[in-house]
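Listed after this line are the structures, all set down as structure tokens.
The two complexes that follow have chain A in common; it is paired with chain B in the first and with chain C in the second.
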Partner chain A sequence: MNLSLTLPEAFVALLRKFDVLVIIALFLLLTLLISMDRTIEFMIFCIFVLAYDVLYGYMGRLSFGHMLYLGTGAYAFALTGELISSNPFLALLVAVASGALLGLILGPIIVRTTGACFALINLAFNQLGFFLALVAFSKWTGGEDGMSVYVDKVWIFDFSRKTTVFCFALLSLIVVIFLMRRLTNSLFGLLLRGIKENETRVQFLGYDTFAVKMVAFIISTSLSAFAGALFILNYSYVTTSFIDPLRSVEVIFASLIGGAGSVYGALAGGVSYKLISNYLPNYVQRWEMFLGVILLLLVFKFRAGVWGYITAWYQRLEATPAGKSGQPPEVGR
Partner chain B sequence: MLLAVDHIDVFYGSARVLSEVSLQARQGEVVFIVGRNGAGKTTMLKTIAGFLHPGRGAITFAGQDITGLTPDKVARLGIRYVFQDKRVFTKLTVKENIELAAYAAGVKLSEALERMLQIYPKISRFLDSTAGGLSGGQRQLLLIGRAMVGSPRLLLIDEPTEGLAAGTIEEVLKVLELMRGEVTMVIVEQNLSVVSRLADRIYCMKEGHIPAALSEPADIQNQSYLETYL
Partner chain C sequence: MISTLAYGLTVGGILYIISIGLSLTFGTMRIVNFAHALVYTLGAYILLTSLQKLGVGFVPAAGIAVLAVIPVSYLIERYVIRRLYGQSVDYAIIATYAVLLIGVDAIKWIWGAIPIPLSDPVGASVLILGVDLPVYRLIIILISLLIFVALEAFFNRTVVGKIIIAGLEDKDAVASLGISVDKYFAVAFTLGSCLAALGGVLYAPITAVNPYMGFQVLLICFAVVVVGGLGSIRGTFVAAFALGMVMSITGRFWGPAADTMVFVVMGLILIFKPIEA
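So, the complex of A and B:
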């Protein structure tokens, strides 16, 4: 038996069939290897990467200002908790609705654009949002100091306990993965991929691509806002770092590292980026430089990202006779 | 009259590329537009398809004024456009390419596949392959077949035989002949043997004008006359 072939095959088959269980197991394992606190952060960040991937990976629109939507969710959650109700679920709902509303308002301006224009308009709005949170609305947001957030215990959900936050974040991630898979495997996903490749051709088939792009944009902003709210649920405070446009680079890095346009790629990218940014500073003083080198390598050499290369490697494996039959290749003929 | 283009002017910025151009196509007709590169043939198709809007004049389809409609609205009326560059959705599979057309046309995927296989049976081998791996001829036939999903009323085809090998051109021609009568076609073409074989009517274009329109069989077969426009 050729173990080098059958083990990866077995792993991929297992992943395909029980992927949700495998993902749960991996995150549980991560709590043992690092810490529960960090694992929660990783999972929420993965939700943000998945949200970003709807636009970048599937629709081919690179945004330099996605922290705006994450920050909107974060502040909406915090302000709801502060001013309206301490019910965390109501605050989460308001956060997602705020993300959707912002998408609905900005979408008609943003989704008409492509390329650099799309990226920079998002950045411009992000900068505007950052200024509003930092200065104009500092009376409510606490400006640079930020604000603390307290939420009530609702039924069994006591979010002051890390295990509750962990379970809720994990459940949220699984639900988002499920939704993303349904979305991307549907006709809507096909349309997004079509728009990524050639929007005009999709129009000529009879589709209103503006409507499709608007829906994708609102899904992305809502999910980003949800991730922002979860971050605040975890940290119990919000500062302007949650809406800082400079931090948009994190989600871009994660998408590139993992491989855009794939649910597994977003997860691999989210976890990889967080591992690098959390642990590399322990060993390398100017770790951002290392990240820059990684970006250069990704852009010039490994554009498919981690998951893209795993997929390509597996496809090659499947294409070989041994890969198909599970038998070792014949030698000496 | 299924399609009537009535004295349209089309501009690229301030440059007038089509001037006082008129064209008509009856139900089931195969209409060709011939002319040199830059004569305005593709601009004409793009204007009918809604990608460009005339500055003056009107376009009527099945009695409805479609001047100024967006491409998606034009497509929903049953007008399909097969582009010149044979560009399919390369990263989608052949089946997914057909699926996109099927949903837009409001037909089931199974029906769309059946239709596709009637037009181009050989495609069955490639349904699960990415369309980017198809040859130029296969892409062209996929595009024509995909455009026929959901029984369109008018097909606009831009240079269907350009860059294809002789054998593949014959295959494309057979498909077009198969569709004759079933759908009205307006085809831009520079290959005069193809034009003479299929045309019911020919519009000759020159520098944004249509100086000649031929519908008599003898005129259509007169390749030496047509060559003066190429």
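So, the complex of A and C:
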């Protein structure tokens, strides 16, 4: 470590080193500021945003139907609990497996496409899934009324208590963050970013981009399914709103607000979006209009998102003593 | 059977009228324009207000609705769409969706969120091959065919139309001829918006007018544009009527599956013929 660190630099270095502790502390603080119920929801949503960011932030593919994968996990969890066994861990496992399986089946069709086509084909599949849950399989899913799910107490995990759910969700989030960081800092993460910039060149280097995209897609779908299962574990209730294609935009907004392509950005985005959508309606009656204006501002003025600007601000702070001028904002890694 | 056919043609006609604008924006600017649904909804609401407050007949009210969306579409084109030209598709999707959110909320502010039913403006029906068909539906089919003929003439016979078609093919080549392509794209955008408003006006008496009426229709219109081939005017025509028939035939056997079947068709098309965009 450089010994000639200034005080803010040392502080940031310390934050980086113990970032997991900082994240835990911030979420604990959030339980005090708002309720624990809400914080659980925020954390699970953050897992979903992280899963989404693998495709959007790193690989540069905007999916407009990611609720399908969330909903698959949610329904897989609920149906396992209902029909097979009420062991919550078995149900979680089945949920993640079904997310992965869906990714494996749909992946070969979806990952070949880019741009608007990628967005729309996801939307089409999401609409199909929504229909299956709402109408075709309504005998099992309960259709619009949804279904209740009860899980057993296993060892120390009694999920009827909110504290247990909170600890489990926090633990899951930390594990997911850890995995994501390992993933994105590896060669695989580099290849994903390469595909975002220029896929042909990555192919030229001799890499099989199809395989890379498939793996990224399956990681994203299984993590989304995991988030969906956690939501049901928390609510013990599943409705079609968990697979509603119109809600797919929520995760896109969260990703954009936070800043795509960074683990911290996804966390910042998930929490910011949830804060906006949960509390803004209490103060501003026309909150959708407000959200729309925020989004336009994000797209036209603040494309790097909250985290991108924090990074840029810090870089400027670092650069000033050396006499360099402010750098243009860059998305943080 | 006849009524299923007629219903399919009616839906197809309306889908065609709405999809033209989407197809043009995608073809010219490679932008997936969610704000299109706003113009569609706005058309229906302005028709409603003209009917109730001004007390005019259906046809003048429809005219007012179609003309009233021109300034709105100009603002959207000038301040949102044009700034997104040549940028990543993702930002265009998000920005136009934001416009849709703002617009729908404004509509809820002005008109309220409760769906307002509208009566059939013609009210009569004719007997064709032993089946009672509302005249209004037949008029819709007729209007959509007229629009198809008019657009064919516009794009093949007039200079403006030819420039737009040429711009769809190769924007840079047209620009190098000294033609300000963006101006003509703005014309195409406004034209598409007016047609979307007309679609909203025509569909309003069949369904109830509500702030969210645009969302579902928009998704189906995207399917029409994708199936018809992005930016292809004739392809959109064929796809609109084909998918309209798919909807009405599916709806006849299994009502709730009608919308979903459209997406199944779109998925199949994308599997076998993915678009590079």
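Things worth noting here:
Convention: the second predicted complex is superposed on the first by the 310 of 333 C-alpha atoms of A that agree within 3 Å, B and C clash if a C-alpha of one lies under 4 Å from a C-alpha of the other, contacts with A are read in each partner's own complex, and residues count from 1 in each chain.
The rule is simple: a contact is a pair of C-beta atoms (placed from the backbone, for glycine too) under 8 Å apart; a residue touches a chain by one contact, two chains touch by 3 or more.
What you see is a predicted model; the values in this text were computed from it and never measured.
By the touch criterion defined above, A:204 reaches chain B but does not reach chain C. In the superposition on chain A, A:179 contacts neither chain B nor chain C.
In the superposition on chain A, contact of A:284 is made with neither chain B nor chain C. When the shared chain is aligned, chain C comes close enough to touch A:109, but chain B does not. With both structures placed on the common chain, the touch criterion links A:119 to chain C but leaves chain B unconnected. Of the two partners chain B and chain C, more chain A residues are in touch with C. Once the two complexes are overlaid on the shared chain, A:293 sits against chain C while remaining clear of chain B. Legend: residue contacts after superposition of the two complexes on their common chain; A:64 is shown touching chain C, with no touch to chain B. Interface of chain B with chain A (complex): residues 49, 51, 70-72, 75-76, 80-81, 83, 87, 89-92, 96, 99-101, 103-105. For chain C in complex with chain A, the touching residues are 26, 30, 32, 80, 83-84, 89-91, 93-95, 97-102, 104-106, 109, 215, 219, 222-223, 226, 256-257, 259-260, 263-264, 266-267, 270-271, 274-277. Chain contact summary for the complex, chain A toward chain C: residues 56, 60, 62, 64, 109, 112-117, 119-121, 123-125, 127-128, 130-131, 134-136, 245-246, 249, 252-253, 256, 286, 288-289, 291-293, 295-296, 298-300, 303.
Contacts from chain A toward chain B in the complex involve residues 187, 190-191, 193-194, 196-198, 200-209.
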